[in-house]
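In the two complexes below, chain A is the common chain; its partner is chain B in one and chain C in the other.
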Partner chain A sequence: MHGGACMNELLESLQFIYGPQIANGLAIGMAVVLMALGLTIIFGLLDVINMSHGEFYALGAYLAVTLAGQGVNFWFCLVLVPLLMAAIGYFTERTLIQRVFHSKDRHILTLLLTFGLAIITEDLFKLGYGPNPYKPESPIPGASELFGIMLPNYRVFLIVAGSCIIVAVWMLVYRTRLGAMVRAAAWDKHMAASLGVPVERVYAGTFAFGVALAGLSGVLLAPIYSVFPTMGKDFILMAFTVVIVGGMGSIKGAVIAGLLLTQVQSISSLFISPVWSEPLVFGIMVLFLIVRPQGLAGRLGHG
Partner chain B sequence: MLSLDAIHTYYGLSHILQGVSLQLGAGEVLGLFGRNGVGKSTLIKTIAGWVVPTQGSMTFNGVSIAGLTPDRICRQGIGLVPEDRRIFPGLSVEENLRLGLMQAPHRSRAAAQHALDQTFSRFPRLAERRHQMGTTLSGGEQQMLAIARVLVGTPRLLLIDEPTEGLAPMIVDEIFQLIASLRAEGVSILLVEQNVMRAMPVCDRIVALERGTVVFEGQAQSASDRERLVAAIAV
Partner chain C sequence: MKQRQLRHTPLAAAFALACLTLTASSALYAQAAPIRIGVVTPLTGTYAGIGQQVKWGIDLAVKEINDKGGIMGRKIEAIYEDEEANPNVAVQKAEKLFQVTKVDFLTGTVNSGSTLAVGQVAERNQRLAATTVSFSDAITGDKCSPNMFRVNAKAGMQSAALVEWMVKEKPSPSVFYLGPDYEMGRSTVAAFKSAAEKRGGKSVGEIYAPLDNKDYSPYFGQMRAAKPQVLYTSVAGNDTVRFLNQLSEFGLAKTMQIVGAAGTVTAQNMGAIGKAAEGYVTGAAYSADIDTAENRKFVADFKAAWKNEPDLYGVDSYGVVYFYKAAVEKAGTTDTEKLRAAMRGLEWQTPQGKKLMRAGDHQAVQDMYAVKVTNGKFQIIAKVPGEAAVGPDTCTRF
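Here is the complex of A and B:
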């Protein structure tokens, strides 16, 4: 009798306390993973730490808000914004990154360049849209019960769509010739070029792809987090943490670390003040840097 | 076919190639010999576009290739089998081979598949291991893969740099047989090889490089030319 009561209590706490928290963490986790994937692929292939990745995320969200203001349907935005962002990413790589890419101080120069780009973009958001947040309406209102857990419909959609996109990215990188070109160029760009791989275009295309993923997570998260000028800055720290813990340049690592760290954040906030959940996550990152600086998995194309 | 005229190449401040001129005709196998550090590999890398010459002209079938990027040079029909093979880790044997198809990106899907099938039938061991990671192959198999990867693109000129380095004698035999059969098929080859005695029989012409310039040029079939080449590259 006593054991049964304990079991019931456990099930109830799973259903009403942990369940929703885990599911919400999973929804945010998907968007974090998409962000981190873009960041880690760009680093793995181009060896560029893209400090403006957060602002590309914000730009995706602002584009979605602007298009919605023109009466464009959310589902159409979900397709259109990543395409626009890819074009912006391609242009950024060809006109800005390429200029300093072949320099000896590539790491510092690209870091400063993308950092400057981030500051400018953030200020442009302030000038264009003002400091106040926009809160787009949820495209799928309401909630449903799943396994006895009440969940907002939009978050369920986020989990499903996010999983599909992550699988699609993995297939693209590991199952197509385009992906093989990217991995080969990440490993040995000279040899890849000597086999006819147009390395410069692969670089720009990969940067564009990463930026499109950032924009996509911007569109997806806008209805949950609202849209404001510094939204990128707040989010990029989490994405960088995921990339470091997962292993710089690793796709598998980014997925695992992204889902794990968002769970740590969301479950820990049940026990400690949410103010402490961020230091906890960054503490894990510091620990990884000390104990296992290569992260959970190896680099893109490096096995 | 390939024509180099007074090529100068620097690595930083080191003046490696100091006015190299040479010609390679269609269907010809040219052996390039010399001691370590005289610039043989740099010459290969210069032709492949990995290093850009500071002076001189370089044409392939009448098209200037000096200053072109490696992928453009490759698509002109120049295939590279580099020193140390440089197989991509994390890519399977088949993925490594399929990348070689990029040399001729405008080929039809059927033609590409045909080239791939032909390569697999030429290298049955690669066919058996097609799903294995490229870097898990033995040294000899990796060398075969490095050559096969270029052959799928049906290049008009092959640059082969030290193909037998560090390989067992039996594999070395296989590699020279392969080069001999490519020569019989009329593929033009620029071959850099330490094993001078083994390499000369598969060559048409032989060239000795010393301190970044050509110091001797002769016919591989002439016994006296072979002796003079050996004398030229000995200290």
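Here is the complex of A and C:
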């Protein structure tokens, strides 16, 4: 009798407390992975640590808010914004990144350049849109209950859409001719160039692709997290952690690390004060840097 | 020694006589001279918006009183000094108003630090002062001054009003608290928690989320498990936008009454919160919607004069002039000692209703309101009697 009650209690807590927590952690995990994907691809191929990645994410969200204000439908924004962002990314790579890319201090120069870009962009948001937040309406309102787990419909959509994007990106990089060129350029740019790969354009195109992914995350996450000038800082620390733990430049590693770390955060916040959940995650990152600095998986194009 | 004193007696007597005649003539002259009210308020800087309301409120009351013949036949004159919401500047300006301009009464300070500092200046100058804006409980609590009065509601009265409304709505409710993890968040939660527990509230959990937290849903598990009837929050700005929206997305907003601090939902973030703000309840000392003849007239006159709606600061600054008028008329003089005695226990009429100046700590006792967001605007849903909201007198200095 007593054992039965105990069992019931355990089942109930699994269903009503752990279940929703895991499902919800999955939605946040998708958001983090989407941010980390662009970051890790740019790093893996270009060897550039893009400090303005968060601001590109914010720019995507602001573009979506602006377009929505012009009456553009959310689903159309989901296609249009990444295209606009890709153009912006391509332009940024050709006009800014390329200028310092070939210097022997590439790491520090590109880091400073993108960091400065981030600061300027954030202030431009403040000038253009003011300090107050915008909150786009959720395109899929309401919540659904599945096995007693209550999850907002839009977060369910985010999990599904995020999975599709991850698979699409993976297919693009590992299963297409274009992806093969990208990987070849990352592996040995001189060899790739001598085999007829337009390395310069591949670089700009890859940067554009990473930026487009950041913009896409901006559109997807705006209805959940709202839009405001400093939003770029929201996911960037977590995204960097994921890239480090996953292995700098690894797509597979970013996905695994992103989902794993957000679950750690989600489950741990049931028991410990929220203040400790970030030190916990960053502690894992430090541990990885000490024990396994190459991360979970290898670099893009390196296996 | 004794001889010297004797030798000076005729001179001292002559001096005293001269003084007496001077005072008598100045007293005669005073009947016609205006009563001067010094106003040290921020006219520039961050708090300029508040200073503007203070000036509008005082100017309107001064005009009304002067049109009806002033106070005991004397006109009132308001003299403004910009304090820049800086206690150091406030002290200099207050000193100047007392010493050079010879004001009879001082008001207008906004920053609580300025009010506390100006209280000391008033003590040195043996004049009286009042604040119409400062919230800090200390002003009429452990840092009370015999020369300082507060005609507006203190911070503690807002949360007390909210607790009063809550326990009436849901007797002995289970309450969950979520605040931002820094001084303001922790102190607001602590204050509301102790007030709620005193009135039979059961605390079922508390969480302090980092400032600028992006996703509150990881805490929903704890919240769901605690099954609270009421959720109290003191997050602010964009944190409120996310928190309230996420609560409603997860269907949690429906399961409990959400209440919170005065700064949680404001005109700045109400638009972005949207529908998720509906039903949110907080404590307030004033709303332009108060449906009494006095308030309707006040709001109409204020709008006619300044093309703007009065807020809390405007109405309390309007009220302080009538407070001063009632006290002078009761005392029959502007003499500090007699005026102080008249102010203590004074009841006077304001657009917010009748107020009582509590003798023990110089805190005005006034009715408070619970206001609820309805169709994107705060509406009064309950009135909490002043005695229930004001709390015990903790002033020990006088």
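Please note the rule applied: the second predicted complex is superposed on the first by the 300 of 303 C-alpha atoms of A that agree within 3 Å, B and C clash if a C-alpha of one lies under 4 Å from a C-alpha of the other, contacts with A are read in each partner's own complex, and residues count from 1 in each chain.
By definition in this document, contacts are C-beta pairs under 8 Å (C-beta built on N, C-alpha and C of every residue); 3 or more make two chains touch, one makes a residue touch a chain.
None of the values given here were measured: they were computed from a predicted structure.
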Which superposed partner A:Phe235 touches (first chain B, second chain C, both, neither): second
Per-residue contact with chain A, leading partner among chain C and chain B: C
Partner chain(s) touched by A:Met181 [first = chain B, second = chain C, both, neither]: first
Contacts of A:Ser273 with chain B and chain C, given as first, second, both or neither: second
First (chain B), second (chain C), both or neither touched by A:Val197: first
Complex contacts: residues of chain A adjacent to chain B: 177, 180-181, 183-184, 187-188, 190-200, 301-303
Complex contacts: residues of chain C adjacent to chain A: 181, 207-210, 212-215, 217-222, 224-225, 237-238, 241-242, 245-246, 249-251, 268-269, 271-274
Complex contacts: residues of chain B adjacent to chain A: 48-50, 69-71, 73-75, 80, 82, 86, 88-91, 95, 98-100, 102-105, 149-150, 153
Chain A residues within the chain C interface of the complex: 13, 16-18, 20-21, 24-25, 27-28, 132-135, 137-138, 143, 150-152, 154-155, 224-226, 228, 230, 233-235, 265-266, 269-270, 273-275, 277-278
